[in-house]
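In what follows, subunit A forms one complex with subunit B and a second complex with subunit C.
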Partner chain A sequence: MASERSGRVRGIVETVVRSVLPVVLALIAGGIILAALGKNPFVFYGAIVENGIGGTNWEDSLVMMAPLLLIAVGLIVVFRGQLWNLGSAGQYLLAAVVVTGIGPWALKTLPAALAYLLLAVAGAATAAVWTLVPAWLKARFGTNEIITTLVMSTIGAGLTNILIENVFQDPELNTPQTSEIPIADMLPFIPGTQVHVGFVVAIVVAIVFQVILSRTSFGLRLDVFGASPKAARHVGISSKRMIVLLFVISGGLIGLGAAMDMMGEWGYLRSNWNPHYGDAMIPFVFLARLSPVGSIPFVAFYAVFATGGTIASQQTGLSVDFLSVIVALILIFMTITEYVGTKRRLGQSYLPDELKNTVRIPFARLASRSAA
Partner chain B sequence: MIDLLSPAFLITFIVGCLVGTVPLMLAALGETIGEQSGVLNLGIEGMMLVGGYAGYVATLSSGSSWLGMLVGALAGAALSLVIVVLNVWLGLNQIVLGIAVTLAGGGITSVLYDQLYSKTAPRADTGGALKIPGLSDIPVIGPSLFSQPGFFWVTVALVVGVGFFLRRTNWGLSIRAAGQKPASLDAAGGSVMRTRSQAALLGGAFAGLGGAYLAVFATGAFTPFMTNGLGYVAIIVTMLARGRVLWVALVSLLYGVTVALGTVLQLTSLDIPTDVIGMLPYLAVMIVLVVFARSVYISPALGAPYTRGAR
Partner chain C sequence: MDQPAPPLIALRGITKAFPGVIANDDISLDIQRGQVHCLLGENGAGKSTLISILAGLQSPDSGRIELDGETVRIGSPKAAMDLGIGVVHQHSTLVPALTVIENLMLGERGLLQNRARAIARLDELSGLLGARIDPDAHASDLGLGQQQQVEIAKAMWTGTRLLILDEPTSMLTPQAIDSLAESVERLTAEGLGIVFITHKLREAYTMGDCVTVLRAGRNVGHISTERMAELSEQEAQRTILTAMFGDDLAAAGGLEEAAELAGATEAERETEAVDFATRPVRLALRGVSTAGSTLDAVVHDIDLEIHAGEILGIAGIDGHGQTALAEVVAGQRPAASGAVTLDDVDVTGLGVRGRQTRGLRYVTDDRLHEGTVGSLSVALNLMLKRIGQAPFWRFGQIDREAVDTEAMNLIAEYGIRTPSSATRAGTLSGGNIQKILLARELGGGANVVVVNKPTYGLDLKTVRLVHDLLAEFAAGGGSVLLISTELDELVELSHRIGVISRGRILGVVVNDGPTTAEKVGELMIGGDHDGE
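Up next, the complex of A and B:
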């Protein structure tokens, strides 16, 4: 009994180590790169913490968590089905341009609550529609969805610019951007803070999807499908329907993230702006073992890192793209940690568990017989 | 409205075609070698950017675009070492590593460019075009096709060479065996690891060449994230070409034509937004993919790490 408990403790420790170690290693490697670039890594990381958490900056980080967490959950859903939606940037931008495009009109003519609902649905639907072409190609012909989502993302970003400049252009401005949603009409704040309610929406969505994925028949079907589409077909799960459904849910959540970000934080969209939230979320959803609730601390970490990092890079005269180097390093160290972990576990015992039992059981029987 | 068939117009069009085609063709060639051996290199975008940056810096500091191309190829191959060690040797996830290489390549080149060149934005001196005596006097194709940079002809030679090696040599056979049925290559006494490592390194070098061509010859300067998804287009070209080098060249040329069409449309008096023109090649690629989805082919063992004896 005691050994079982210590085994469980060791399991938890191992999980935590495996989740946190890649981030620590990436930060160390990033520090070495910073030093090579002639910057003081301690000053840089210190500035990140100060600008990401210090003062009221933690509120900015929470605001940034809203779209990040929704996008993370959107990625988790498809990744669980062993499908890759790498086109979140285009889906996000198209949803954002629709929300900011019709936002000022909707908020002027409709009651606020209804307008928010309409805009959220519009954003989610736009992004979901943009996933349909890759989903259809994958379901019908098995075309690699990694590539199709990426190309659709580039096309989506271009289409967003076209929509901004030709359809939703603010007529009073010369710079290419949409009309602004008046500050009074933006999503309300959580009482006592400067954090809009989109943050609450994101947390609720993460919890709801945690329940759906782990406690419903849909979650089970998704896991079966993810483990083996062939096995899924044998128990009557249509892989075509599953592929399209997963992509639509993923796109919908990414679009919802865009809607919350636009209604709560930005209020307008200008052309050629692309935050690339989805790319940054990829390592963290894996580190969270594709668990929506488990991803919350990782998303919080990245929100602080990105909020503080953007200001810290400006202060130290470094391109903001340094942050994506860190994200890449986390990915690389994550795969290495995973590899070392697997090797280590294999090394602990020469025999696999099943084989160990088949060897042990006859001896145990013998022992009990001689005792009787 | 300018005359659509005037020599000046045709020259612009042909030059535009070749400028759009060559970087993509080089990258797709590298991706083809990799995919034929069973290595899906999703980091090609990052390798192109690193190759482009290295080629640009080398051309700037040495004044020789030939040295720039060489350094670009070496930089691409160096970055592909990540794929070789972690994916080919240790069997780690190709997709995650590909994303990491792309992010790292794009990020670090952007940081370095920002540190060193963003204030001055110097242009690389390409040493001018290589005018082929006699042929370059032919109207229209003389000043366009036969007045390309010298490296253009190296590219043509590389396409022919890779086509020959993949189809007609034992080494090409080993590469294709590693992608089709690695166990049979192993049984025949070849090394899957060595074959795949060579293919991945070569693929990285070609991606680096493509990026360097883009930076040094096509635009004359490096800008952060200048490939803008060209690496992914290269992967699509590879999928559509089904491992045949001639098709790699033809599909790349088709892409080049759409790029040139965009450039040419801007010269006409038609008022087409630049965003539409920038989207055209990607739309064309997507349409081709939808129409020819059935004929897309990838090697059976693509993406599967090889473990000897595993079933």
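Up next, the complex of A and C:
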């Protein structure tokens, strides 16, 4: 019993280490790169913390978390089924353009609560519908969803621009953008803060999905399906229905994220604007082991990092793209950590066999030649 | 200096380890020209690994291989072929759509095909094997025995010194085994060395000149040619069995039981007789066909009836529609035409879950990837087909305590050896994983169970257990559709045996006497379309 408990504790410790270590290593490596560029990494990271948390800046970070967390949960659901929805950008933008397009009208004519609900549903439905084509192709023909979602994402982004310029264009402006939702009509703040209630929605959704995934029969079916489609078929889970359902949920949550972001933060959509939230979330949902609640700290980390980092890079004279460098470094260190962890669990050598053979074989050949 | 000639092939201290298991542990053995060297051992004893090493599919971690006294390195299958080592694998390697001669010429390396030379070589080999092989017959039209002759010809195509036969007899009819034995005799007379892998004692005794027994990766017993000639069959059996089971001999149920497990005697039915006239038909298939793209995914026009308390065996070479048959009964594969009835109720339109709740169960042959989810706990794997059902799920929410209690009951009842119910199923041994499947499918209101290759790859003790469970299930009134590629197993358990070939049931034999295996064999040959 004691050994079982200590085993469990060790398991938890290992999970935490495996999740946090890549981030720490990425920050260290990023610091070395900064130093090589002649910048003081401590100043840069300090500026990020100050601008991301200090003063009332933490409120900006929480505001940013709302769409990020909803998108992260949307990715987690579909990734758990071993399906790869990489088209979150297009789904987000289409949902955003529909919400900002009909938002000013809806908020003017309907009671506020009803209008928010309608817009949230409209955003979720739009993005969900946009996943139907890849989902159907995958379910019916087994078409690779990585390709179809990426293609549909590009089409979605283009369609968004067409809709902005031709349907929802603000007639009073020359720049291509939708009419603005008046500030007064936007989502209310959490009392005492400048954080809109979309943040609360995101947290609630993450907790609800945590329960669904870990405690319900649907969650278990999803795990079986994700682990082995063959086993899923064997126990009577319809893979077609599962594929379509997962994509629709994923799209729906991404669309909900867009709706919260538009109604709570932006109020309008410009042509060619694309925040690429989903792409940034992909490494973090894996670090969180595809757990919705587990992803909250990672999303918070990224939100602080992105909010503070944008200003910090300007202050230090760096390109904003340096933030992408750090995210990429996290991905690299995550891969290495996973590799080393797996090797350790299997009790194997840390060096890849191929690498060792590459070194060993020429010597062995040389030795046998000299022996002959 | 009159040294004896070096053996054809000598293995010296071959060791090969995989994560968590030493498959070959310091194995040394000699294979002589003109002799049949039998390699015996249970599943998992390390036979397959040793063959892979000889065939150039894997390299040993340490140890060396000598060919005619010279150390050689067999780094690839091509190197093995160049050294004259031919392997006849357990599974068919012929391309069904190609003719015999095309299949044989697949391994040729020249730019242009030389058909005339190939035909000449085939003639030569046919003479050697003592079999007539039509070069233009499609591989898919050949009977089992003939397919195997072609496989041997293919293995010997480039002039072989050593021929390895990996479990060649499991689905062969008694007639085909006799002709295989004849071929083997002719080949050894030509000076070939032959490695004959089997887990059946009586074959080892009748075909082998000498015997090596492997257990847990080690060479645990060798009977030399001279000793083999001295020993009577019974003495040889005792020696081999003691080596095969070691200290486990008592656990396997004594010498006699072990001998039976190891196929020392002719198989005969051990289940109680069933009077079909008084038993109602439980499961019936009427004109059932399926659509699919591979041979194994298609059955045509199947008519079958299984009575209460009956075990109906299905014999046939692997991949001839057995999977389709099992899946169309279990509800995993839709029937393109025809009807499946369970207790006179048409269930053709029902899926897996609908049939499962009516007591129709399926133990799949792919126990690792289809039957279980390795990353989930033993408890959840035991409940895999009852997800969402009360009392284990209430309002969609899992009641972990109820699941765990049920799992602990099943673990105790079926003797599943696992550290705890929360252990991940993927970490258990094959035998224990098979017990999970059986516990899940046979328990809780099962009436009819489809069992696909239930003992494939299991150790002999678990094989015994599986056979007992199935016989018990039938004795209690349950019906079993037993699909197997082991003729002995079918004869031992089934009341009737149907033969499947290319998706069709060629006929059904009542298993009521010592001639069943022969009758099944006649059906297989009779169904060979080429009239031989």
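Things to note:
Here is the rule we go by: the second predicted complex is superposed on the first by the 344 of 372 C-alpha atoms of A that agree within 3 Å, B and C clash if a C-alpha of one lies under 4 Å from a C-alpha of the other, contacts with A are read in each partner's own complex, and residues count from 1 in each chain.
As a working rule, contacts are C-beta pairs under 8 Å (C-beta built on N, C-alpha and C of every residue); 3 or more make two chains touch, one makes a residue touch a chain.
In this text the structure is predicted, and so the values were computed from the model without any measurement.
Subunit A has more of its residues touched by B than by the other of subunit B and subunit C. Once chain A of one complex is fitted onto chain A of the other, the partner contacts of A:Tyr302 are absent, as it touches neither subunit B nor subunit C. In the overlay built on the shared chain, the residue A:Asp223 is in contact with subunit C alone; subunit B does not reach it. Shared-chain residue A:Arg215: touches subunit C; no touch with subunit B. Using the contact criterion defined above for the overlaid structures, shared-chain residue A:Tyr277 touches neither subunit B nor subunit C, since it reaches no partner. By the document's definition of touching, of the two partners only subunit C reaches A:Ala231; subunit B does not. Across the interface of their complex, subunit A is touched by residues 42, 82, 86, 90, 92-93, 95-97, 99-104, 106-108, 110-111, 113-115, 224, 228-229, 232-233, 235-236, 239, 273, 275-276, 278-279, 282-283, 285-286, 289-290, 293-294, 296, 298 of subunit B. Contact residues on subunit A toward subunit C in their complex (touch as defined above): 4, 215-218, 220-221, 223-224, 227-228, 230-231, 233-236, 238, 346-348.
Touching subunit A in their complex are the following residues of subunit C: 19-20, 331-332, 351-353, 356, 362, 364, 366, 369-376, 380, 384-385, 387-388, 393, 396-398, 420. If you check the complex, the residues on subunit A that touch subunit B are 33, 37, 84, 86, 133, 137, 140-141, 143-144, 146-148, 150-152, 154-155, 158-159, 161-162, 165-166, 271, 279, 282-283, 286, 318-319, 321-325, 327-329, 331-332, 334-336, 338-339.
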